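Listed after this line are the structures, all set down as structure tokens.
Shared between the two complexes below is chain A, which pairs with chain B and chain C, respectively.
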Partner chain A sequence: MKKELLVAALSRSRASFSKGWYKFSRNPLSVLGLIILFSVILTAIFAPYISPYPEHAGAFTNFRESGLPPSLTHFFGTDSVGRDIFSRVIFGYRFSLVLAVVVLSLAMPSGIILGLIAGYYRRRWIEIVIMRITDIFLAVPPLVLALAITVMLSPNLFNQMMAISLMWWPWYCRLVYSLTTSLRHEYFVREAELTGASKAHILLREILPNCVAPVLTKMTLDAGFVITVGASLSFIGLGVQPPRPGLGTMVADGAKRLPAEWWMAVFPALAIVIVILSFNLVGDGLRDMFAVEEV
Partner chain B sequence: MAKYIISRLLQSLFVLFGLSLLIFFIARVMPGDPARVALGSLATHEQVQNFREEMHLDKPFPVQYYFWLRSLLRGDLGKSLYTRRPVTTDLKAYIPATLELILISFIMSLVIGQVTGVLAGYFRNSWFDGLSRLISYIGVATPAFAVAIFFLLFFTYTLNLAPAVGRLSLAAVPPPRITGFFILDSVIAGKFGTALEGLKHIFLPAASLAVANIAQEGRITRTSIAENLQKDYVIAHTVYGIPRWSILFKYLLRPSLIPTVSVMGLAFAYQLSNAFLVELVFMWPGFSRYAVTVMLNKDLNAIVAVVLVIGVAFFLVNVIVDIVVSFLDPRIRLQRTGG
Partner chain C sequence: MSEEILTVENLKKYFVTKQGTVRAVDKVSFSVKQGETCGLVGESGSGKTTIAHTLVGIYEPTEGRALFKGQNISKVFNQRPKALKKEIRIVFQDPGSSLNPRRSIKQILELPLKVHRICNDSDRVERVMELLRMVELPPEDYMYKSPQVIGGGEKQMVAIARALAPNPSFLVLDEPTSALDVSVQAKIINLLMQLQQNLNLTYLFITHDLSLMRNITNRVVIMYLGKISEVAPTVEFFQNPFHPYTKMLLSSIPTVSDEEENFKPKEVISRGEIASPVNVPSGCSFHLRCPQKMEICSRADPTVVEVEADHLVRCHLFSDGRKPT
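What follows is the complex of A and B.
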């Protein structure tokens, strides 16, 4: 009996998966985005094996090969101290992706839980406290406060992550809050309340599953946005510290050598565009798949 | 409407109060001695001590905040530790340059975004639609500093069309200050050569700021034009024999503007924060570059002021957006006045 149930559940989930994939794959751009995203992630994970000059990711100098234009030995050319830019871009992806993962895995759960609580306890003091604090954080663009906080904490990758995470939870809080307020009076929630289900059960098992689609879509789109903010902070000099390769830092260094040695800024900049673009394309595909309106 | 604005005002006062408390707190509890940073390592112990007393840095946090709030009510934001001038003087000097930049880029993004959006929505699924979609994807995905660098490389170094840095070339004399907007001031003073010079200089930074907004507005307008084209009133207009272009740009634009204007508050915020990067690349002597400089120098008073100015600006834009939307959409207007 149990086995049959399991099989039925499996085939149901397989059916819904293939239906979802059908909707997702109807847009070839989303599929392209997914392919690029996977390649970027794999490249970043296996950076030491894939990059042609892994030792160039650190404090390496070879002035005889400095400022070489793109060629077959150095796809993206070399920088002002002779390091292979292609290798550094691959290692730079690591920092960007780690940033996105850390920020989202810190900001998303806290934002979701606060949003659930505020949305469920509508018109109580706890809603007022949570949502007014959210308003305060949303009163300025995230880059500005993240910048201020990173500077105060002393600039490095870890503090950058903390600062961006601190700026990011309010977006999830507000999204989940608005979803929860509309779900709060649905019959299935009422029923759970009447049967005496615990608050944790109602919030996490009844309401939360209905927030998954918009949250997941927002998360994908946000990953690109977090990387943008991170790269922007690094561009100002507040991210990954040299000699480690941050994509934004590389663009900033290269910008000083425009226009003659254009490759030093252009290729890291293009690398940033590609990763953000692929996140956005996948996010759009998810939005179509879940038929999500807000976010 | 008035009631609505007053309630928004009260709400925002609370938010700004909270924001000031937050940023003040962050600025004061962080490690490092701001007085020592401001005076440099050569200052004597006594000098540092005097400075600390002068800035109330020796008092506990709530007392410091009280002093700060009291002087804020007198319109005094304290002294910048970096420029050694009152922060309000600095702000007055730098804000117009950024405002000019954002206004020009705002106009650019509105015009180009609307036109491409309308055309793409009308010629759905044509090559134009596909191309504008592709470009808008790339435009949204490219950080402002990368756009700035690509533009610099293309327009300045390859085509030699626009100057690379500053608001005017070094030899030019800035116009007498009336509004602080160089282009407007030059026109008022009758110096059209300087105005043209200013326009040339502002073109690239403004365009770099506009790209992301153009992409977004174009996409939103396209969707809403495509939606509205199916409506009965458009078919009725067509049957009456009203020319196609007139339907598109006169009758359809207004309802299609509503979603575009609604996101404009957010768009403005992004333009303001992107100005942080664009002003760095083009060495634009504006508010955002000032903001980055004071932040990097841990200039306490100036940082609090800068963040508050951005908060106020963001709030004002959102109120304006709400008012404009309610004029564009009679349904919202009537709902609010209870009609």
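What follows is the complex of A and C.
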């Protein structure tokens, strides 16, 4: 009996998964985005094995090969000290993706929990405290805030992550707050309250699952945006420090040599564009997937 | 059959809005006896749902109180003892919004079992299946489904099963069938009647469907603009209505045969609409629509009098406690 039920449960979840995938895959661009995203992630993970010159990711110089244009030996050409740009871009992805993952895994849970609490305890002091702090953070342009924080601490990848996380949670807080304020009046939330369920149950099991669709969509779109902000900070020297290959740092270095040695700036920039684009395409696909489901 | 399980005494619930104070429920008193189905009838905006929500603890009464088995329950849910939450359960009007679309039916039914520690972990699945069988849904087909993929009637069945999960003794049914189509309505009503017998439940049945009321209730409480117009045993209520508003309601029931047509009072034509509860008319709140309006009606608000045994009415025509000649 139990086993049959388990089989039934499994086949239901498999059915809902394949239904979701069907909706997602109806948009070919989203599938393309997903493919690119997966290859970027795999490339970043296996960077030492994929890149043709893994040693070029660090403090390596070979002035005899400096400033070479793209060729079959150096797909993206070489930079001013003779390092292979293709290899450095692949390693650069590592920093960008780690940045996105760390920032989102710090900012998202904290924003979500604060948003749930503020939304559920509407018109109580706790809501006022949380939402006014959120407003203060939202009032300052995010890049400026992250800039100020990174300068205040010392500019390195860790501080950059902390700074971006600190400016990112209010967006999740706002999103989840607005969802919660409407969800808490739904009768299923009422019912859980009247049954006597704990606040943790109501917030995390009744309300939160209904926020998943918009939060997940925002998360994919944000991942690209976080990478942009990270690259922007690196561009002005407040992120990954040389000789380590930050994509923003590489664009900044290459920009000095435009337009003659264009490959030094263009390829790292193109790498940023591709990863952001793929995140956005996947985000669009997720939005379509959830939107149809809601109807 | 005679013990009073729920007594509502002078219950008031006012809402303060920008337009003024809404007197949703104004000095309402009635009682429900053990094992009966008490009907609460009224037009939209007459305060039926507010009473239901006050009884289960969504609102705190502005004044007055409600006693359940002698215990004062005029508190909001987070001040109520767990034992009380287990005893009084509600089935909401709209089954679409009362079931969480992101949780499976099994999870939905497990919640009250977990909260009230009805059974231990190993028996819980069994109990969920038993509940589903009670509402005539095959457990194997429904347990792992999401409420999104089942029909409105089935959703309401699940909502009823959830209400029954902690073995309550009193069920507030807030228009449980008004959102469903007629064929499903009958099924749900039959099921509810059957469950009442088997589980010895007491129902407070809220509806605006008078035909339905006639078939299932033992006693009827008629409300108009937050106040009680008439309380009567169902048979008495349909054969011998006192209040002009009740007569108006009964004469508005659509009928099919002449036989039925002859049965109902016909001297009253429904006119006008229910007034705004923000701006309640002076005196008797019904006087603007009343065909038997007297001079006193616009000045003084009548009080509830018992005209016959168990038959109460709030109307100046009966102010001396006797039927007018």
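List of remarks:
The criterion applied here is as follows: the second predicted complex is superposed on the first by the 291 of 295 C-alpha atoms of A that agree within 3 Å, B and C clash if a C-alpha of one lies under 4 Å from a C-alpha of the other, contacts with A are read in each partner's own complex, and residues count from 1 in each chain.
By definition in this document, a contact is a pair of C-beta atoms (placed from the backbone, for glycine too) under 8 Å apart; a residue touches a chain by one contact, two chains touch by 3 or more.
Note that the structure is predicted; figures quoted are calculated from it, not measured.
Partners chain B and chain C, brought together by superposition on chain A, fit side by side with no clash. In the superposition on chain A, A:277 makes contact with chain B only, not with chain C. Here chain B and chain C are compared by how many residues of chain A each touches, and B touches more. In the superposed pair of complexes, A:206 makes contact with chain C only, with no contact to chain B. Contacts of A:128 after superposition: neither chain B nor chain C is touched. When both complexes are overlaid on chain A, the residue A:190 reaches chain C alone and has no touch with chain B. Of the two partner chains placed around the shared chain by superposition, neither chain B nor chain C is touched by A:45. Looking at the shared chain after the overlay, A:235 reaches chain B, while chain C stays out of its contact range. When the two structures are aligned on their common chain, the gap between the nearest CA atoms of chain B and chain C comes to 11 Å.
Residue ranges of chain A in contact with chain B, taken from their complex: 29, 132-133, 135-137, 139-145, 147-149, 151-154, 224, 228, 231-232, 235-237, 248, 251-252, 255, 258-259, 262, 265-266, 269, 272-273, 276-277, 280-281. Across the complex, chain A is touched by residues 11, 14-16, 18-19, 22-23, 26-27, 30-32, 137-138, 140-146, 149-150, 152-153, 156-158, 269-270, 272-274, 276-277, 280-281, 291-292, 295-296, 298, 303, 307, 310-311, 314-315 of chain B.
Only residues 56-58, 77-78, 82, 85-86, 89-90, 92, 94, 97-103, 111-112, 115-116, 125, 140, 143-146, 162, 166 of chain C touch chain A when the two sit together in their complex. By the touch rule above, chain A contacts chain C in their complex via residues 2, 4-5, 8-9, 12, 16, 186-188, 190-197, 201, 205-206, 209-210, 212.
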